[in-house]
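One structure, pasted below without further comment.
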Amino acid sequence: MNARKLLYVDRRVIYLLVAIGALVPIIRPIGLPTVPTKPVQQLFNKIESLGPDDTVIISFDYGPSSEPELNPMAQSILRHCFQRRVKVLVMALFPLGGVNMAIDQLQAVADEFDDINYGVDFVNLGYKDGAQAAMKRMDISIESLFPADVNGDPTKDMPIMAHARNYDDIAVVISLATGIIGEYWVNLVNAQFGVPVAVGCTAVSAPKYYAYLRAGQMMSLLGGLKGGSEYEKLLVDKYEFARELYEQPEIKITSAMAGMDVQSIVHVIIIVFIIFGNTMYFIMKRQEKAR
Amino acid sequence: MRRTIPLVITFLIGLYPIFAFFVPHGSISGANDWLDSALVIVAAFALPLGTVNVVMTNTTKLKRKSRGWQYSIVLLAGLTVMAFYGLVGGTGVHPSFQWMFVNMVSPLQATMFALLSFYVASAAYRAFRARNVEATILLIAAIIVMMGRIPFGDMMTRGMMTPLSEWIMSIPNAAAQRGIIIGAALGAASMSIRIILGIETTYLGTGKD
Amino acid sequence: MVSIGVWINAFLTLCILSFLYKDNPFFRFAESLFAGMSLGYYIGLANQQTLMPNLFMPLFRDFSGSVVLLIPMALGILLYFRYIPRIAWMARLALAVYIGYYIGVMFLQKLHGEVLPQSRDTILQLRGIAGIDVLWNAVFIAGVISVLLYFYFSAEHKGVLGKVSRVGIWFLMISFGASFGYTIMARISLLMGRFSFLVNDWIRPLMGAS
């Protein structure tokens, strides 16, 4: 056996194996189980404790580069809030695509609920430049920062704005974040204005957020697709409507729980790569030494 | 003068939010609140600032028919069409703007990043080696966390992987991240002081006047 | 029936994926289109979401009442003077306001929002807990201190400092390993998103399957 040959196999063979590993569970879903963890449970419990008199901010701070990870999270959190009749302010502070993600996800979820109304129970405030400047401004007046919603309609006369004058009215900020905006919500908004913050982040940035979570600067953390699948699981276990919804084929195939099938297969492939690569490496070393 | 005045402005504007934070009196915070609103607008002007540079570079490339000039046409056409629908939309998102985002910008960016999954797998196979103690620790931590993130991990170890992975994340990982956060924050804060005090001036450019 | 949008979406996805085989004109085309459209997107976004509602509309509606908005507008326009060599220096005035403000805000974010709460929590780790948590919190404190000492470069890393910073490296390695594991999950999610689109939104409807 030539270990060197195996170790330096054409990279396209590796690409092909990864592609097959990702495609097979998409074509034939497996349905692997999901176990919720404490950081995710904390946000679920928080939303459970809220009702029609409470308002939350869901900030779409991500773009297409993390869409498959954060869209399922956005949908399940929106469904949970709408089911509890919690008032939802949707906004975006991430420039490349945040507002479009917000439009898409709201469109996908709001139609599922007959008795919630735009401008009364939820509103899409759109995108605003300036990040920290915008966050600071919201402590004075949310309406003055967002005089118009995403469609350009004035927010002044919308009933929901009476429940969202500034941070004092906000029960929790949920930032679905791909980059540094999620950290701003923690180290600026939570630190200076004391608003509880939960971050649903792309898996790449999750390790850093654990330090904030441990310090109590965040009340919950949903890390990547796994975090999204855990939230879906909690929702499905608690609510009958969610169980039926996530059984519908068009919702099931894009859910985070289904996505975990792909994750499982490709993770196993990569773990096998690491173990096999290391074994070949040590065999090669020994062969070279013997020579 | 052309450098001194900006340095004085940086000093005054830089100190103001800090001053307003520690002295939350109405007369002081009022101006600070106005500054917040004003900077939202300035930031909106700043966002497309680099576009001018890109347009200039690509038009020059086109004029000189440099190598790959055809791609400059694609770039400029994409920029013009997207900007056009962004500008005609008024205060709302124009349907064509949203359509182009969903069907063109979004798949392009998402697929660009999706390529990384292949490279990360290739790197795992070719470069992730237990060469010494440190590399071995890294490798073991990575495998445990990966196993803890997928349902297979728990199925193979009777539910041990998720708690073990969570322990790694919230104890040794969070400790290391906290060390990095504190170190980097101290560095960033000292850089802020250097800029406010006019010691660090590179952001003003290298021009003599 | 597959819409034209889905066809374009699928074509551009395949153009980018073709780079895995080797660099080619399809990839170059898609890459340039992406760069151009992203920049155009920023122009549109800034206009419709911030400048129109927060600047132009208030000025149109009530000019005298909103005249103060001309200041940030002038500053914003000044930023672009950098492209006119004769008066490029004037852009520095706007840049000074922009940089000054964000530096001041960041200073607070870093010290008040990170150094203080993170240090406070580290100090309070051993307060009011019992059992195995005492051990884990001790490990945590050791981790924070050793990593901080690893980043302390004002003294040579030998003797006690060398040993402690070595422990710091181990903690960092565990964290980097964890980050690697998480990064894999993030990247696979993206691939899954694209493959899921190609299979479920493009190929399946094309083949008449639900």
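The letters A, B and C name the chains in turn, as written, and every chain counts its residues from 1.
Here is the rule we go by: a contact is a pair of C-beta atoms (placed from the backbone, for glycine too) under 8 Å apart; a residue touches a chain by one contact, two chains touch by 3 or more.
Note that the coordinates shown come from a computational prediction; the quantities given were computed from them, not determined experimentally.
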From chain B, the most remote chain by mean C-alpha position: A
Chains most often in contact, by C-beta pairs: B-C
Separation of chain A from chain B, taking each centre as the mean of its C-alpha atoms, in whole Å: 18
CA centroid of chain B to CA centroid of chain C, Å: 3
Shared interface positions of chain C, touching two or more other chains: 20, 38, 41-42, 45-46, 48-50, 52-54, 57, 101-102, 105-106, 108, 110, 112, 114, 118, 140, 175, 178-179, 182-185, 188, 190-191, 193-194
Contacts with two or more other chains, residues of chain B listed in rising order: 21, 35, 37, 39-44, 46-47, 90-93, 101-102, 105-107, 109-110, 112-113, 117-118, 120-121, 124, 128, 139, 142-143, 146, 149, 169, 173-174, 177-178, 180-181
Multi-chain contact sites of chain A, meaning residues that touch two or more partners: 15, 18-19, 22, 65-68, 95-96, 99, 126, 128-130, 133, 136, 145, 148, 150, 152, 192, 203, 206-207, 211, 214-215, 224, 226, 263, 266-267, 270
Partner chain C, residues of chain A touching it in the complex: 12, 15, 18-19, 22-23, 26-27, 65-69, 95-96, 99, 126-130, 132-133, 136, 145-148, 150, 152, 184, 186-188, 190-192, 202-204, 206-207, 211, 214-217, 223-226, 249, 253-254, 259, 262-263, 266-267, 270
Footprint of chain B on chain C - complex, ascending: 5-6, 8-10, 12-13, 16-17, 19-20, 28-55, 57, 68-69, 71-73, 75-77, 79-80, 82-83, 88-89, 92-108, 110-112, 114-115, 118-119, 122, 136, 139-148, 150-151, 168-185, 187-188, 190-191, 193-194, 197
Complex contact set, residues of chain A against chain B: 7-8, 11, 14-15, 17-19, 22, 32-35, 37-38, 63-68, 95-97, 99-100, 103-104, 126, 128-131, 133-134, 136-137, 140, 144-145, 148, 150-153, 192, 203, 206-208, 210-211, 213-215, 224, 226, 260, 263-264, 266-271, 273-274, 276-278, 281
Residues on chain B engaged by chain A in the complex (per definition of touch): 21, 33, 35-37, 39-44, 46-47, 90-93, 98, 101-102, 105-107, 109-110, 112-113, 117-118, 120-122, 124-126, 128-130, 139, 142-143, 146-147, 149-152, 154-155, 159, 162, 166, 169-170, 173-174, 177-178, 180-181
Residue numbers on chain C that touch chain A, as the complex places them: 20-21, 38, 41-42, 45-46, 48-50, 52-54, 57-58, 101-102, 105-106, 108-110, 112-114, 117-118, 120-121, 140, 175, 178-179, 182-186, 188-196, 199-200, 210
